[in-house]
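Just passing along the structure, written as structure tokens.
Chain IDs A, B and C follow the sequence of writing; residue 1 opens each chain.
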Amino acid sequence: MTSSAPSHLHPDRLLPASEPAKSIARELYESVKDLPLICPHGHTDPSWFADNQRFPDPASLFLIPDHYVLRMLRSRGISYDDLGVPRRDGGPVADSRSAWQKFAENYYLFAGTPSKTWIDHSFSLAFGIEDELSGDTASQIYDTIDKRLGDADLLPRALLDSFKVEAIATTEFALDDLPHHQKLATDGLIGQVRTTYRPDDVTDASRPAIAENIKKFGELTGEDVTKWDGLINAHRKRREYFRKFGAVATDHGVPTAMTADLEPSEKQALLDKVLAGRHDAVDAELFRAQMLTEMALLSVEDGMVMQIHAGSRRNTDPLLFGERGPDKGADIPGTTDYVGGLQALLGRCGNEPNLNIIMFVLDETTYARELAPMAGYWSSLQIGPPWWFHDSPQGIRRYLDQVVETAGFYNLAGFNDDTRALLSIPARHDVWRREVCRFLGEWTAEHRLSASTATELAKHLSYDAAKAAYHLP
Amino acid sequence: MTSSAPSHLHPDRLLPASEPAKSIARELYESVKDLPLICPHGHTDPSWFADNQRFPDPASLFLIPDHYVLRMLRSRGISYDDLGVPRRDGGPVADSRSAWQKFAENYYLFAGTPSKTWIDHSFSLAFGIEDELSGDTASQIYDTIDKRLGDADLLPRALLDSFKVEAIATTEFALDDLPHHQKLATDGLIGQVRTTYRPDDVTDASRPAIAENIKKFGELTGEDVTKWDGLINAHRKRREYFRKFGAVATDHGVPTAMTADLEPSEKQALLDKVLAGRHDAVDAELFRAQMLTEMALLSVEDGMVMQIHAGSRRNTDPLLFGERGPDKGADIPGTTDYVGGLQALLGRCGNEPNLNIIMFVLDETTYARELAPMAGYWSSLQIGPPWWFHDSPQGIRRYLDQVVETAGFYNLAGFNDDTRALLSIPARHDVWRREVCRFLGEWTAEHRLSASTATELAKHLSYDAAKAAYHLP
Amino acid sequence: MTSSAPSHLHPDRLLPASEPAKSIARELYESVKDLPLICPHGHTDPSWFADNQRFPDPASLFLIPDHYVLRMLRSRGISYDDLGVPRRDGGPVADSRSAWQKFAENYYLFAGTPSKTWIDHSFSLAFGIEDELSGDTASQIYDTIDKRLGDADLLPRALLDSFKVEAIATTEFALDDLPHHQKLATDGLIGQVRTTYRPDDVTDASRPAIAENIKKFGELTGEDVTKWDGLINAHRKRREYFRKFGAVATDHGVPTAMTADLEPSEKQALLDKVLAGRHDAVDAELFRAQMLTEMALLSVEDGMVMQIHAGSRRNTDPLLFGERGPDKGADIPGTTDYVGGLQALLGRCGNEPNLNIIMFVLDETTYARELAPMAGYWSSLQIGPPWWFHDSPQGIRRYLDQVVETAGFYNLAGFNDDTRALLSIPARHDVWRREVCRFLGEWTAEHRLSASTATELAKHLSYDAAKAAYHLP
């Protein structure tokens, strides 16, 4: 064991360990590591960029909002109360500093996880911290971070610039008024910051508030949403509104990839049921399935890229959901049938030249069996980067292994960081770029790609592909 | 990036890039690379070998019939009209040379795909072309190929010999009269060229023409095919007829692996329905399922090897199918249950010593979970090589990774090229041999196989296994 | 091919073949190879340790009881009669020496399989045999083994000590009186040898004897098992009895991961049906599903670790089952839904701090998609080591590849040998340790782990994790 430098900072991390792939990959990585970042899908808070205020304390930045981190600590018996995660009943939870101490004492649990890579990288890049987080270093690191957070170069807009973020998209629901993006427009920042149209609030009929939401949607757009055509027209108007604030894409979070293509009378009957609250689970799924096809048809009209994030079973722990609400770590992937699921949508408009659907996948068994063959046929389909638990070194390796040969490199949509954690953005893109260069380096070393093709592809996958997939200028 | 030679021609391509596996694999490859080719399953056109005429122009050879190539171009928005793919309505499509130009301009899309490997290898082997296909080189390469196609050494029979094809099987339907094989018999070529009995035309009741086909089947064989026993006897006779033209195997293309073992009265009732056109989708599946078991029972009688190609969902794009028919790139794999599916067949005759079923798989999740355990138990089951999208370097790596430990090397059926593209045959076998030697080289370098065992296995998997699996002399 | 030493004995076997990972992995392996063995789950015969008699002849030791070996030989057409496997009808089968000869002549079939690794290792470790088993060496190796079996150092208790087995658990059914463990208690060996509570005989209502078994269960415990609470109390008492003989865990062999959480009246109605023999397959599954939840609730009470071995389809060959009974090689894995299956159990008690469930998996597609995300959230869930066909070098590689990033290292339960073959125990742990060190060595070489973390994790996964997961002292 020759290396004594901290593992997370080694300049060759994740690259092949042996020659000749090592040198090839390193050279490729040098050529892409400083390219600007394209962040066409994510969940950063637009108020950060609109208000440009200092981030709160370290725990609120690195711990409380990060469900990857929270879930791992919980899995080893650490309570969310002790980690300072707010309760719905307003009951007391640990304060920021003691939650941080608990986190630090258990940071060894993250050995080998992407979370550790992202956090270590963030610590180093933004705060110059090279010590390993632990019970011993917890307090000192807390102070270092807390002190730096007020510095001008750590304010949100400055970070976008220093991270070389050329474009970043946030994600807002259809009923959102986009107040922060209005402010960003006033300040001339739309373009670098963009919204995304995510109409789950008015397309997911499994939500208790669905009828109320659709009613609001009608009021917001002046459309008669009790009629199917009016409902679609409301979407049409709202998509136009979002495009004013930079939106180039829509996004759809769905448990399955099911789509439908119903007759007009069937659609109206379904809407009637939903608005009357008479729909059951099967109706709800059918409504969502039909709405996906409607969104695709609107994309054919207006050219917005359609993102489908399919396959998560949400809120699998009722106790957690009752105590603290959604997005706290209890969402678990399931199997997904893309061929059967997308059949109705693709049969209706899959050959439209103006349509670009990007599929995000949690069921890796579909990479080689379904997604790569589909993306390698349909002009309207691209495969998004590895998502969620699979946005990791091994996840990226399995992805490239399984999709490239059948889909080719040019049916991939490049990288998405898909994060709520602003500071992790450079780390996530860096892991992707290192893994891409590793992959291309290995294939070049095996004489499967020429050196010049590998160089082109490294840039394509690190930068150009995402711009092209999302039609970014 | 030290290498400047074209990637597709490097003598060490696909072999391990690092020592010591590299030298071991290279030595293994040297020992097998010139072995004759056994091609026991494929879709070359028997008229080529019967008539021995020159191949038409380059586009008709490399582009129009290759659904791998067409689908990738379509996936990036290139229309089949512009690629010269014939329309059912007889409408105009691009001529050969302009289609070729379009293909060449977009050839960069194939970086990293098996198609590029096969095409580059064919260009080099048959035509001495070492330039990369591109918009710039399109015309010159077209002319080079076109000029050479009339040369005696590029006529089909000469190619079989120069490729060292010891045996090649074509695939014909049950109703086929085998006129080309009759000619080949006259010319003494049966043995090097063989037919295969693929009775899907009379076993797949989802086809509109099924009743008519079964009627023809009765006329062809003189059997009363309105009775179940007569139908089976018709198969018995037809299999015998095919064996006269070298057939050693049957082949069955099925969407699932479902089999059945019905009572005689149930079988007759099912046949009555099918002949009367009163069957629904469930009946059609049951008919196909029962016919698989019947085919296995006939194999027990006559010793023909039974090939099952399961798991493709055909013609998933109705627009394409309407415009240009089947086999144009819109077939997509799905999940397959082999344990449940084959239960009826194996329960009926799985222990018969005379039975050899070779399973071809599109759902890689079944390799380690179902197929390897089944092939490692049933004497009647072998695992075919990676098929279709998985006939690729990564596909072969995933296959060997997942099947060998449980099935052993001796329950594998060696390699099949399964191609419609005669010129790609040497390239496909070469990729398999390189990957086998890579795998054996790595395992030898890890001291998991002795050098002598690796040498034996390299030959076995490159040549002997296919001969043994298909009972070829 | 430089190496001429027998492959199975090379000191670097399975470690990375190339530097720098090779040296790192080798150093890690040196640090763990001699650690004591923790064997918390397996199927060795407790009478061996109780009676401490010499093992019978070589075939009875290495061939007849090993379904891995039998199935592979059968798959190549060798009959179980010729291998000496007893018939239910008492018909003649080959004697030990001629069965051994048949095995040896076909030993080449095991190239690349874990069986060969374990057997070669056992031959070398226990008998000093370095020759390869073959038709030529069969007789001499038979004699060598047979002669040594009577030596004092090859008696079962001596082997436990020389193998450094710190603790080994056997597995007994709920109705078992544990006579061998009673003898072991008298001899002061409980602790080194332990039982495990496997109540499938009274929880699996698909068994013909279920009603009779439950009746016996009532007699054994003095509980009224016709009432649901009495049935649960009978388990409560029986678990306590097993704990007297060292049991720290329960074990449950189930075809699916389905659990249920019924109302009291539903439970009683289900029990009434089962006891009256009026239950169908759906009832039987529901009974089993509910009993899993009951077992979890009892584990919350008494702290016993709960092992779930899910996903095997048993006895898929009716002919074999009729001729020779279960566990002869015809059990085949199937797909398993862990998220849906465990929902009822986890919803009921998944957050209980006292609960530890270890999941054993045959459907590798669930590693990254379901198991790792679940173990990385629920404090009550850990992932067991690769099981059965996946307890192999490639199986361990796929496992570590897919679980570590999301579950972390500390949600893994270490290693289980899960074997009926006492002599294979050191070989199996050795493969696991080599593969763990290979994995950690590669990640260290890629600068993903520090050298000190890798050293800690090597020991953790080789020894500490299993002790901790099973609460062993």
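Everything below uses one rule, namely that contacts are C-beta pairs under 8 Å (C-beta built on N, C-alpha and C of every residue); 3 or more make two chains touch, one makes a residue touch a chain.
In this text, all values refer to a predicted model and were calculated from it rather than measured experimentally.
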item	value
Interface numbering overlap (same over half, different under half) for chain A and chain C	different
Rotation angle superposing chain A onto its copy chain B by C-alpha atoms, nearest 5 degrees	120
Rounded Å distance, chain A centre to chain C centre (Cα mean)	40
Overlap residues in chain B, where contacts from two or more other chains coincide	18, 365
Chain C residues touching chain B - in the complex, by the definition given at the top	1-4, 6-8, 10, 12-18, 71-72, 74-77, 108-114, 117, 313, 316-320, 329-330, 332-335, 362-365, 389-390, 392-395, 398
Touching residues (chain side chain B, partner chain C) in the complex	18-21, 24, 27, 337, 339-340, 343, 346-347, 350-351, 353, 365, 368-370, 372-379, 381, 401-402, 404-411, 442-451, 453-455, 457
